[in-house]
Amino acid sequence: MDNNTNNYLADFPALNQEVNDERLVYLDNAATVQRPRQVVQALVDFYEQDNANVHRGVYTLAERATKDYEEARKKVQKFINAPSPNEIIFTKGCTDGLNLVAATYGEQNIQSDDEIVILIMEHHSNLIPWQQLAKKKGAALKYIELTPDGELDLADAKKKITDKTKIVAVTHASNVLGTVTPLKELATIAHQHGAVIIVDGAQAVPHMHVDVQALNVDFYAFSGHKMMSPMGIGVLYGKANLLRAMPPYQYGGEMINDVHRDESTWADIPFKFEAGTQNIAGAVGLGAAIDYLNNIGMDRIAQKERELVNYVLPKLIAIPDVEVYGPQSPAKHTGVIAFNIKGLHPHDVATALDMDGVAVRAGHHCAQPLMEYLGVTATARASFYFYNTKEDADQLINAIKETKEFFNIGTV
Amino acid sequence: MDNNTNNYLADFPALNQEVNDERLVYLDNAATVQRPRQVVQALVDFYEQDNANVHRGVYTLAERATKDYEEARKKVQKFINAPSPNEIIFTKGCTDGLNLVAATYGEQNIQSDDEIVILIMEHHSNLIPWQQLAKKKGAALKYIELTPDGELDLADAKKKITDKTKIVAVTHASNVLGTVTPLKELATIAHQHGAVIIVDGAQAVPHMHVDVQALNVDFYAFSGHKMMSPMGIGVLYGKANLLRAMPPYQYGGEMINDVHRDESTWADIPFKFEAGTQNIAGAVGLGAAIDYLNNIGMDRIAQKERELVNYVLPKLIAIPDVEVYGPQSPAKHTGVIAFNIKGLHPHDVATALDMDGVAVRAGHHCAQPLMEYLGVTATARASFYFYNTKEDADQLINAIKETKEFFNIGTV
Amino acid sequence: MGLSKLNNLYREVILDYADHPHNKGRLATTTNAMTLHNPTCGDTINLQVEVEDNKIKNIAYTGDGCTISQASASMMTDAVKGKTIEEALAMAKTFSDMAIGKEHSKADLDQLGDARILTSIMEFPARIKCATLSWWALQRALLKDSKEEENNE
Amino acid sequence: MGLSKLNNLYREVILDYADHPHNKGRLATTTNAMTLHNPTCGDTINLQVEVEDNKIKNIAYTGDGCTISQASASMMTDAVKGKTIEEALAMAKTFSDMAIGKEHSKADLDQLGDARILTSIMEFPARIKCATLSWWALQRALLKDSKEEENNE
């Protein structure tokens, strides 16, 4: 197994550039990933050949666009093994999907004194919607805490989820700690108490094989742009019976059955939740991204990332004064690695690494309650995707060492 | 002035194709328009060079992406002459923007017995949000009717808008009747009664010079995909003081100031309304579309469309058994022309025209209450953009004549 | 290609059915009924069925729509009159399966009577809904799947 | 290019200010105060000012942030101590204008004292906010624009 030969790099023009006169090492994949030529070409082809609005059109171009769009829906369905394409709702992104569920299912089903249970490590997108819903309804918001190793505390979960719990909203993979949530166990606990489980899959779907039926989750949201699709497209999966019982989220074209002056009726799923002109080209691009991922195979992708983590995490931990958050064992860690250098602010670290061509993020990663929990205001974060290489990892490690030296000596 | 030489056609690959072995004549521009190479290239360039997530990143790529994104916001600001870029909110599209206003401003300001006034010709996107809000709040929904010529009845508007009116929501240009709303007059009436005016500009911004300050409207929403941008991006303009007083619409990353376990505070506008990763590439593409439009000049575009309407509308009206809805005078008609052929269903008409290469829409055009008002269930609709030619108009007219013959004789 | 391809879709028999619809109107006695609506074009069909001894004794429709949907309703009502509920449902399944591209035996097709002509609709994907609307209405009327009433994609 | 470009940003004087901050702490008497927060990185500054006879008699800050924001707060407080409110506001304007790329006269710049070094931040657009946070806090504290408290982009 040779990780230094990267067969994929040639597909990613954005990765083949220099920044600050250094080879770009892009390690902000948890924020957004780069797109292969194949996905960009799918966009170009759509716009140059089939571009039209869908569903309503009788003419040839509209038929083609409709076919493209609905085929993309089926690709998504198969990719996450949803029972039916009607359960795949195209959204603007993961945030949009989670807000949709909170504003429809949540609004309809949460009453005062009900409980909503989330994780302390949630991204703001899967935290604030529930926090504000709880506030509005007079319901309680409860947080499942972490084990000392930074993993989800299942014992705490069993305590926090009770018969009063109506919604369990959890991230599938943390965008800070690099942990994967034991979803199946949580789903079982939630269902035992009559609650639904709503999953933020933004950091999972791009990196591992996800099967919504095997996990037995009720809702599952994710973003296309973190799995190489164009921006502005995402997916919400929901069980058909739940989706059918929910009111619409937005009102407009395409989501109606019949509109009169004073009343309206709604279309069946998924259209009930797709008001207005959708990002058709974005959906087509997402389909192309799924094709690309399937061509490699999600298992192979997970394995490539595992090898990278096995390689880089011990090296990172070995640097004096570097603290890595979340599990210290590579086996328990995804390609998302948050860290700090003692005495240095992560913003300064990120600027310094950028001078060495290494793009990492610094900040609270939209997880302020987790930062509070960890007792920091911010961290640096390097996040890997399958197209990264051991060479990238080495450049990161070297740049961190140089950064430490620079700030210790005050100049280079 | 020679409309037969079209200097723009070469920029639009999608228009240079045949369908059903005939030259494609794309006349469904009210649904979505075609994109010039320049816009698609802007997308490709972004994805291949600057692609990163915005605002949160310290590294070079993220800086470039942020700059691209905020420059696009400024282009939009200038294009519609908004006072400040902070008043430009990027949305998924016009429907998204109108739903945002209804769910925030509307939710906050409408009480029982208040009145919301809209036009009978509204697109569902600017109708159902107000209908459902009125229903939920116990407010009244009132419709401004049409003059016999199919134009907005200003006298009726003056009757319908009263001191009980809190919101006047109107389309700037009809997607069926081809009329333009006297916005400035309506804004004055609305403001005299203390109401805000919210405008659906989906059919206006792509076709004419729009100046939100001169019109003195409070909110103005439109879609990028109808003005040559990529899909999945739109704009909501709102006056800063109104936007600042509104609660957020969606919750998630980027729209916060501070998040704690049980409470959160929000960022300033426009970010308060841009939760989660936005369609950054889409915004960049919208900027490129605006550049393209500005290069030609909005006055020139309006003039080209005017010439096309002057040419085609009389020819269409002259065909026996063809009924055109809305004003019969070309001077009062935009490039959107809804029509029916007596005794023929518009779906059959659209299928027949498609065989002649002519793409028109057939249906209720997401304006069912208007259809009821007109006493039809559906119409055909041809809608022109500046890149259409007299040759296109001729092909439409000929195809309509052939269609009539076919259905009269039963075969060709 | 011009309009010549239209001949495939709008054969004389179809135009004739649309111009001189069969079974258009209302029944005196109705045991099963269904109103379906195609939201993309505004086509509507109100179907009334009188079932007696598990057989379709009488069937009629009213509604408004394009040539294809009117002809299809006209042909469908002719084809199922006198059939048992099971037979009618099997025919509806054959038709709607065909409309989504599944292959069927000649025997199945023949059972559809004149309605089988409308399978030429396959060449015009955007019009498939027009042709299947009346068959869906029949299916739902017979199955009394009232929960989904008024709803369709 | 490696880290050498960093020297432009992190000059010795800046690192020194950050390591040995001036005016860090709390005041006994406060007439104007402001807490600002940079939501993208979590940097916070709590600024306290004691104004007497239209002059900044005393100024101090607490907070948490990167080298740039700490050095900037440290330099800013040094630079404005003893100035009139108008002078201090003019300096804040010069600094934040510069940070968004506007040109300024040498006289304006000189008035900023050591803080003018931080205009090298222009080469690092993503870090401009870090440097301007304390100047914004000063501006708002002096203008008592309390409506916008806690809010910034």
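A, B, C and D are the chain letters, set down in written order, and residue numbers restart from 1 in every chain.
By our rule, a contact is a pair of C-beta atoms (placed from the backbone, for glycine too) under 8 Å apart; a residue touches a chain by one contact, two chains touch by 3 or more.
Remember, it's a predicted structure, so these values are computed and weren't measured experimentally.
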Exercise. What is the chain whose Cα centroid lies farthest from the Cα centroid of chain B?
Worked result: D
Problem set entry | Pair of chains joined by more contacts [C-beta pairs], B-C or B-D | B-C
For this session: Let me have the rounded angstrom distance from the C-alpha centre of chain A over to the C-alpha centre of chain C, please.
Result: 45
For this session: Indicate the whole-number Å distance between the mean C-alpha point of chain A and the mean C-alpha point of chain D.
Result: 37
Seminar exercise, completed: chain D residues touching 2+ other chains are 40, 126-127
Problem set entry | Where chain A touches two or more other chains at once, by residue number | 20, 56-59, 62, 256, 258, 347, 351, 362-363, 368
Exercise. How about chain A: which of its residues touch chain B in the complex?
Worked result: 13-14, 17, 19-20, 24, 26, 28, 31-32, 34-35, 40, 43-44, 47-53, 56-62, 92-96, 98-99, 102, 123-125, 127-129, 131-132, 135, 141, 143, 223, 225, 230-233, 250-254, 256, 258-264, 275-282, 347, 350-351, 353-354, 358-363, 366, 368-369, 372
Exercise. Okay, in this complex, where on chain A does chain C touch?
Worked result: 55-59, 62-63, 66-67, 256-258, 265-268, 271
Problem set entry | Residues of chain D touching chain B in the complex | 37, 39-40, 125-127, 148, 150-153
Exercise. For the complex, which residues does chain A have touching chain D?
Worked result: 20-22, 344-348, 351-352, 355-356, 362-364, 368, 371, 377-378, 402-403, 406-407, 410-412
Exercise. Inside the complex, what are the residues of chain C that reach chain B?
Worked result: 1-7, 9-10, 12, 15, 40-44, 64-68, 124, 126-127, 130
